[in-house]
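Beneath this line is the structure, given in structure tokens, with notes to follow.
Labels run A, B and C following the written order; every chain starts at residue 1.
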Amino acid sequence: MEIEKKLIKKASLEKLFEKLQAKGNKIFAPVSKDGKTEFQYNPSYAEVTYDHIQTTQSLKNTVFPKIENLIRFKTDRSGVEVTEVDLTQVQSLVLWGVHPCDAAGFNALKSIFMWDYKDEYFNSRLQKIAVIGLSCHKSDDNCFCTSVGLNPGGTQGCDILLTKLSSGDFLAEIITEKGKAIVTEASELFETAPSETKEGNLAQVNQQFSHEKVTKNLAGAFEHPFWVENSLRCIGCGACAFVCPACACFDIQDETKGKNGKRLRCWDSCGFGLFTIHTSGHNPREVQSQRWRQRILHKFSYMPERNESLGCIGCGRCSRACPVDMNILEQLVSLEKL
Amino acid sequence: MESIRKKAKELLDSKQVQVIIGYENGTSNKVRAAFITDPTQVDRLIYDERCTQNLAVYLVKHEVKHLGKMGIVATIPVMRTINMLISEEQVKPENVVVLGIGEDGKLLDFPDLTVMESFLQKAKIEITAKDKEAMEKLKKMTTQEKFDYWSNALETCFKCYACRSSCPLCYCTRCAVECNQPQWIPVQANKNGNYEWHMLRAMHLAGRCVSCGDCGRACPLDIPVHLLTMHMAEESKRLFGVDSGFSMKMESVLSNYKLDDKDNFIQ
Amino acid sequence: MEVEKITEEAPEVKTFRLKFKNPEDAEKFEFKAGQFGEYSVMGEGESTFCIASAPTRKGYIECTFRKAGRVTGALANLEEGETIGFRGPYGNVFPIDEWKGKNLLYIAGGIALPPMRCVIWNTLDLRENYKDITIIYGARSVEDLVYKNELKEWEERPDVKLVTTVDPGGQTPDWKGEIGFVPTVLEKVAPSSKDTIAIVCGPPIMIKYTFPVLEKLGFTDETIYTTLENRMKCGFGKCGRCNVGKYFVCKDGPVFTLKQLKELPDEY
């Protein structure tokens, strides 16, 4: 579909939000509180922010929840009864004010969950989301979308992309059929596209490294002293992986209450010390540098090769969340020069 | 700052230590841990009010220990942690040299750890004004209010375990949350699972927590989990009369039994 | 699946014969030697074992496991007639078609015979496709040898050469097999490497000392096969747990040739 451009006035945007809500859509939009911004379910329009740089947590929860119920079971004397989860019941969801890097993040996840075996839990959720993007007009020194092939006004993964113009009104780019359907149902709110372009209203994010070069260097860097030297301070938590929109590692655990139980899929992280340990005690990744190496290699070497996608969208969340200032951008810049 | 660098260089040059664990400038106006093994690199070391990470967490890390004998830049909470780690036999006193930092931010000279011990016995323990205020507020709540407050605060926790990883006293290689026979604590990050996890952590740190506040600072979701362990620290002081980390021979308040115990429920 | 039959193989080691509850599933189910599955006890979780029965034996599958942790502990408490969960098959396979016309040398240690049993029976059932078949199997002690009945059967078959061994000190007074570690016994048996494929499964330490012996006997890296056992959860390349470099043991493995193994980063 060819991208169609329209104008939506500031006041009309509020009407669009309310119209979507009135139709019974669940909306997930960014809200700032105490200096932190997070996506929230069904906020009032007044709470929604358009000025944040990035939320602490990513949007992956919407397609890859921190706890996904895989099956239900009931055990008693007569045996075990297993019930599948009815995925047709997954609710549709409008994601509002999604930055272009995050919209592209869904593709990174898709490259894992829909690679080889197709994961229906993920896919059913993915089918049910509509992404209303918002170009970035602000960035900070942790952002590096342009170094991973994206940009602050990128349309990848969006159904509609909004860009705030100098007037305070928004340029709306309608990218997919899903986006078009939303616009058609509220056509009275959209006007002819303005002459002002998107490009003049975007954050300036300079490219800091070539990801192709990083990928190339990583191919021969498994044994490089770089990993130990640059990860001594990493304390092996899961903060970076849990805030990352492109990390997809999980654990499978059972939860029971009396006779009833569920099998759950929970977020996990390659940074945890016990992630790969065998029952015998043997651990293929015994020390933290090996785990940090896995993190970088997975995103910038293994995924490009196996999943045809980078495992990073340059949102900078991991760098902001890391308690010990393991800055991924800084490390990637060094790895380019390795 | 200069005195820290000078001391660090001296220790490295004379091969008294193989690595200095200190602070350096990081990215985005943050500071971070530095591991200096080369005496010509000591100028990377800095110290200012941003330097709050409890560096003692690295004293038990395999790859750091591997570098050799360690010198560590230590503020009062860090020194207390070192005492705790020595008491719990996680650190051998002969393997660390402490570059102490007093309340005034000046370098303290500790020829050996016993001098540090006596210093600590006189030192003031301070928690930040903000934490003090938060603790007071919590204390005024009714039990139900407290329960509601924590249930809410902990519900968002996604179990990234940054709080645990940042804590130098959470050094177990297999934490109770990872023991699965039986599974004490549910793995999943839901309301109950989170509540149980944080209560377990608070209990496990009772009488051991040195109130450095690093767990709360580490939390990417800004959950003030340090208030739980700090409260346990206050409680153990109230009940057992000890502040953790005041000597290298601390006894664990919750796992020691004394014949002259003032409570008699155990007899 | 229903646990149809339980065999106690050795201390803490059991074999389950499993039958699909739903005949349709049984009909549809197909697998090849080398593949594994995820077996589960509801409420305890899932565990990875290879399918230990041969694909040529239809109507059931078998798995042999050692009680090691939470799930295997719960499995060990089950009785005949009870139900367990199964999903699979996952992973790659032993290329038995490529081995046609060759000699086969199976070398296994301890609890690693199960993964191999599948391919052993598979090739025995298609016996005419292969030349000599030799099996060298060792365990810590006589008690720890698994599949005692089958070992006897193989011993009696004229078309199989079976050598069993136990670690020094593990023998009983009436033990007639070899005494010594697998690599040592292998050196003694010294099978020819001409036109031969060697398949090695066992604890890492055994594997480590077996490879050099095989190399000395003239085996090339392409003719030596082994299986890797990385920790797994999903079994199909998603959960991110089992990768060795860019390869997923659950998808690209568990079967690897020594040549492939040497190209992998040291992460297993």
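Here is the rule we go by: a contact is a pair of C-beta atoms (placed from the backbone, for glycine too) under 8 Å apart; a residue touches a chain by one contact, two chains touch by 3 or more.
It should be emphasised that the depicted structure is a prediction, and the values quoted were computed from it without experimental measurement.
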item: Graph class of chain-chain contacts, one of line, ring, star, complete, other; value: complete
item: Most central chain, Cα average position; value: A
item: Chain A and chain C: spacing of chain centres that average the CA atoms, whole Å; value: 41
item: Between chain C and chain B, distance of the C-alpha-averaged centres to the nearest whole Å; value: 47
item: Centroid spacing, where centroids are CA-atom means, of chain A and chain B in whole angstrom; value: 33
item: Contacts with two or more other chains, residues of chain B listed in rising order; value: none
item: Chain C: positions in contact with at least two other chains; value: 69
item: Residues of chain A touching at least two other chains; value: 251, 253
item: Partner chain A, residues of chain B touching it in the complex; value: 26-28, 30-35, 53, 57-58, 61-64, 158-162, 164-166, 173-174, 178, 186-190, 214, 217-222
item: In the complex with chain C, residue positions of chain B that touch it; value: 180-181, 183
item: Chain A contact footprint on chain C (complex, rising order); value: 40, 42-46, 68-69, 72, 82-83, 85, 204, 229-231, 233-234, 236-246, 251, 265, 267-268
item: Residues on chain A engaged by chain C in the complex (per definition of touch); value: 73, 75, 79-80, 82, 112-113, 115-117, 119, 222-223, 248-254, 256, 261, 263, 268, 270, 275-280, 282, 284-285, 290, 294, 297-298, 301-302, 305-306
item: List of chain C residues in touch with chain B within their complex; value: 69-70, 73
